[in-house]
Amino acid sequence: MITYLEAIREAQAKALADDPRVYIYGQDVGEFGGAFKATKNLASEFPGRVLDAPISEDAMVGSAIGAAIEGMRPIIEIQFADFSTPAFNQIVNHAATLFWRTEVACPITIRLPSGGTAGSGPFHSQSMEGLYAHYPGLVVMTPATVEDAYSMLLEAVAIDDPVIFCEHKYLYYHLKADGLPTEALPVGKARIARQGRDATVVTYSAMVHECLAAAEELVVEGYEVEVVDLRSIKPLDTDTVLASVARTGRLLAVGEAWPWGGVTAEILARVASEGFGLLDVPPRRLNAKNTPVPFHPNLWGTHRPTAQTVARAMRELLRL
Amino acid sequence: MTRETFAQAYRWMLLARLLEEKLASLYRGGKINGGVFLGKGQEALSASLGMALRKGDIFAPLIRDQAGRLAFGEDILDAVRTYLGSKLGPMRGREGNVHRGRISEGRLPMISHLGAMISVVCGALMARRFKGETGVVGATCIGDGGTSTGAFHEALNLAAVEKLPLVLIVANNQFAYSTPNSRQFACKDLVDRAVGYGIDGHSVDATDLDPCLEVVGKAVERARSGHGPQLIVAHLLRLAGHGEHDDAGYIDETLKKSGLGRDCLQRAECALLERGWASTADLECWREEALRQVEEAVATVQREPAPDPGEENWCALSTPHLDDTFGH
Amino acid sequence: MITYLEAIREAQAKALADDPRVYIYGQDVGEFGGAFKATKNLASEFPGRVLDAPISEDAMVGSAIGAAIEGMRPIIEIQFADFSTPAFNQIVNHAATLFWRTEVACPITIRLPSGGTAGSGPFHSQSMEGLYAHYPGLVVMTPATVEDAYSMLLEAVAIDDPVIFCEHKYLYYHLKADGLPTEALPVGKARIARQGRDATVVTYSAMVHECLAAAEELVVEGYEVEVVDLRSIKPLDTDTVLASVARTGRLLAVGEAWPWGGVTAEILARVASEGFGLLDVPPRRLNAKNTPVPFHPNLWGTHRPTAQTVARAMRELLRL
Amino acid sequence: MTRETFAQAYRWMLLARLLEEKLASLYRGGKINGGVFLGKGQEALSASLGMALRKGDIFAPLIRDQAGRLAFGEDILDAVRTYLGSKLGPMRGREGNVHRGRISEGRLPMISHLGAMISVVCGALMARRFKGETGVVGATCIGDGGTSTGAFHEALNLAAVEKLPLVLIVANNQFAYSTPNSRQFACKDLVDRAVGYGIDGHSVDATDLDPCLEVVGKAVERARSGHGPQLIVAHLLRLAGHGEHDDAGYIDETLKKSGLGRDCLQRAECALLERGWASTADLECWREEALRQVEEAVATVQREPAPDPGEENWCALSTPHLDDTFGH
């Protein structure tokens, strides 16, 4: 059995082993193996290629851009996605514009341990994928499974463009698979995580599992809900979403981020404009509440969508 | 150094230590959600700051400032309630552990992003100046690792340009989580940064309460009397993990046994006895008094309600009618 | 006649005159009067209250938060909206969370000279309103008229919460009005900028004028298009948008920002979920192209929506 | 100082000055979109850096580095094409004015955000180290105002920790746009920052070509030979507006008449004559040669096509199949 977190470690080990241009840079990623142990033992297995950084997110990402220009393939670990704000400028204004301005590619991977866990509070829980997806020039991955965590991280390193890799902390230890995949869907293709005929739920990252659990709950009520796991939110696989909605006529978009804008808005906007005729009833969405992410597990469990609230939203959608 | 000041500082240090030991034990017992971050070894420094500040001053403590918080007036209940997530705490379960404060009492609650509090204290001091208030001091703390943030630099420079009465303590406890000084900066001593901002710089051995009280006291006095920002760089070792989840296996034994590894609390205790400022009976009595406070606070808080999501006001604006409530 | 830019200056002059808690802080805002002259003469009219800042956007906004905590009402001028990235952390993680965490309000106004003008290029042209609107705890204003520039800026200063004030540089000198308004719609209310029966165009800021011009173009073709000026994008006045769509049955959302996410996605998502039955045809949107904002006027004029491309999108919508 | 070096530097300075004068006149004639930013008064400093660098080095110039760009190999056409928005320029009309470079030739194009290029040069140098290349230098420039950015601090500290062969020139031209040094920093001299990073610091009077060549040359040599980052703080005055739209009315006459206000180009010219390194005829001939280059380049570029939006590839990714083309 291998966990989501171990898969991330294995992918990095393989990237380091296969490609001498790869190196890892981030706070505490060296001997210590990272705050979450995603780089455990890599510093000793790959001497000189897994380096501790000072607490300087802006310079970390800036340096990665410079190294990429010179042909390297840096992986930057930001300790928590929330701490990518000091690096925001280098990510969105420098990495994302480099190729467009210069015709020189910028193959950097920025790992963002994302999303909420109980007791983490407003500054260790954020889901920033929608912000990065807004900018041209970035690829934004949001793996929901152990297999995707592994294969998509390898792809992230292989891609010539900057990739924001949003790995979900809630899945780190919880999620296990029998082994590592040998093949995978290409980046940009969504996955039908569960087939169904009655409604389509489009989601990504940790929310895939809440949606799957909700779908199971609805089986006894006689409903078969299809769950689409976007895998990457940019590019966003509109075709797969539309095809599913074409089968079911109903759409619910679920995300862990805040309600204004973001992934769920983009999904509804796309389906409304390109798949209007496919919809039998108004599409809906479910997001976190419109406040910072609260610390206390009681509050946190209500702030984010859960299997229960997703199931409730599904029921409402199905009864329309 | 008077007996009163030294003994008082010691008692804040002791209370902080015992409170944190209790929190650590609650953590091990699975009673605390999220992390627990101890100031073990940093109490002398932190208490000295808390004591040098006055009512009306501004203080933005960081993660290892339990002693300073107490000395500057934090009720022990605020700490326990925030850690245990009581609805009655100052953060009402919305925030946890070290992310607490009471702005009305001049204690600003930190956000996690290192370096971010410094400019906020600067702005509070600018406000006091706008309002014509003088003799006020704003203080905040940061670690060796936090000095590498852009936020640290921008804020310290701004403070220098505005000649604000800011006291910034850098607790160089040799590590930022697992990262040693050698991977964090390359100057000989972080106090060498002061000249580059055009501000006063002070060094202090923070394993020893005497120089802490003296250097911090002097710096606060200088800031208060119009000498502009004061940078204090304190040398010490973190005597705990980064958080209680961390066994700090990366800290070398020789470092622990070096002068940096001395426990300021033990040293202060010895000094009290040596100088005849306290008897072992006094020490015992103070310890029991502190323990009692801690136990009482924990017992109280454990009976308090957790926040109820149904009663929670899910609104981030102070002007409710401007809240965008679509879809709620 | 008074320009949009002068209205911003006048609003600041009035705020300073009326309320001793107000001060202005930003690069070159003092004697020099600001890069765009939005603070012209204010330093001498209000000695000690209009201060030049070092090039430290993070510290500028951080200091404003501290001052606000102490009862002041700072106005921060960021020289160009694009340069708010270094301040991103203080804005979204500190100002936006302060009240929710502490029950102490954070009445700061951050002025962001926003949007494109010819020859400004990728780093002096950005429209960042959608990013800020994603975060709970912020009010985001996007005035499109001289009157709104004035009255909304005064309101921004009066509001107890942090306001991101996106003033459009393209309107600074172009847009003129006869005088300053004495009354205004409250923040949170959209304005029907032009009445029409055939379709609704929802937009904001400089794009209001492109949409109005496009609507005029369509008159000769027999169409009357209604143009809704959102005025503030957070809160977003969904009711006014829905009421308009109820009258016209057709929706086009137009924005100058990038196509993934942002204001236009949010509008379509809201109308699709709450006003599905009001729509006679699929809703549409028109945004800038999915690249950084180009320097050359030829490219820039194609990158952003213009009256011409809006008119084309309207025609397509009307012919559906 | 040899005649050859000095005269060569002078000629780069001259070419830069004349090119920029031409650009300014095109701007006044309404032929340029966007701003025009001159390095007038900073040519000695900038040319010295460009000349001290070698092929294979990395250079990220900033806004006032026309002379250094030329000395490090920039074709004058690159400048003119970028300013005039020619489709044939290195930025193809996507970027303008000073936002240009050719990465393949080691000249990195700046983004506007001040301070951002420093860490990028650091990373390029880390890459060279990973690849086992030695003897390489990475250089970049910034103004007095740019030193207040967090990006400046983070990058310089990172360079120091990694002991990278970085040369960072701070051109203290007394103003950041309209903001004087007194509102920008409070240290006596920005070179006082070096000790706080644990790196070498150098001061130079940048109105004078001799010390520029010497100090910059030495710093580049020290970086190249493994002495880690080199901070050069140059003292001078901006002899133009911030951009050509700005009359710089905020610059005091006394400052202009002070030593800082001396024109490095004139001084170098005098030195050439005094030392017998050039005759007035030589100078005249060099000027004509430079003018001819400038006029030729402008004439060429003015006949070149502007970018055609219809032909433009509206894609920001190098991997087109990953582009999210929805709704295009």
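Letters A, B, C and D mark the chains as written, and numbering starts fresh at 1 in each.
The rule is simple: a residue touches a chain if its C-beta (ideal position, glycine included) is under 8 Å from a C-beta of that chain, and two chains touch if they have at least 3 such contacts.
If you're wondering where the values come from, they're calculated on a predicted model, not measured in any experiment.
**Q** By mean C-alpha coordinates, which chain is most distant from subunit C?
**A** Ranked by distance of C-alpha centres from subunit C, the top chain is B.
**Q** On a C-alpha centroid basis, what's the spacing between subunit A and subunit D, in Å?
**A** Using C-alpha averages as centres, the distance is 40 Å.
**Q** Which integer distance in Å separates the CA centroid of subunit A from that of subunit C?
**A** 30
**Q** As a quick test, compute the distance in whole Å between the mean CA positions of subunit A and subunit B.
**A** Taking the average C-alpha coordinate of subunit A and of subunit B, the gap between them is 35 Å.
**Q** Could you pull out the residues of subunit C that touch at least 2 other chains?
**A** Residues 53-54, 56, 58, 82, 85-86, 89, 93, 96-97, 100-101, 122-123, 136-137, 234, 236, 260, 273-274, 285, 290-292.
**Q** Provide the list of subunit D residues touching at least two other chains, using ranges where the numbers run on.
**A** Within subunit D, the residues that touch at least two other chains are 91, 94-95, 99, 111, 113, 148-151, 154, 157-158, 161, 183-185, 315-316, 323-324, 326-327.
**Q** Chain contact graph: line, ring, star, complete or other?
**A** Shape of the chain contacts: complete, all pairs touching.
**Q** Any idea which subunit B residues touch subunit D in the complex?
**A** Residue list for subunit B touching subunit D: 148-154, 157-158, 160-161, 163, 182-188, 190, 192-199, 228.
**Q** So in the complex, which bits of subunit C are touching subunit D?
**A** Per the stated touch rule, the residues are 27-28, 30-32, 35, 52-56, 58, 82-83, 85-86, 118-124, 259-260, 285, 287, 289-292, 294-299, 301-303.
**Q** Which residues of subunit D touch subunit C in the complex?
**A** On the subunit D side, the touching residues are 32-35, 85, 91, 93-96, 99, 111-114, 145-146, 148-151, 176-179, 183-185, 250, 306-309, 312, 314-316, 323-328.
**Q** Under the definition above, what is the set of subunit B residues touching subunit C in their complex?
**A** Touch residues, subunit B against subunit C: 90-91, 94-95, 99, 101, 103-104, 108-109, 111, 113, 116, 118-128, 130-131, 150-151, 154-155, 157-158, 161, 315-319, 321-327.
**Q** Across the complex, what residues on subunit C touch subunit B?
**A** These residues of subunit C touch subunit B: 23, 49, 53-54, 56-72, 74, 86, 89-90, 93-94, 96-97, 99-106, 136-137, 139, 159-161, 187-188, 234-236, 238, 270, 273-274.
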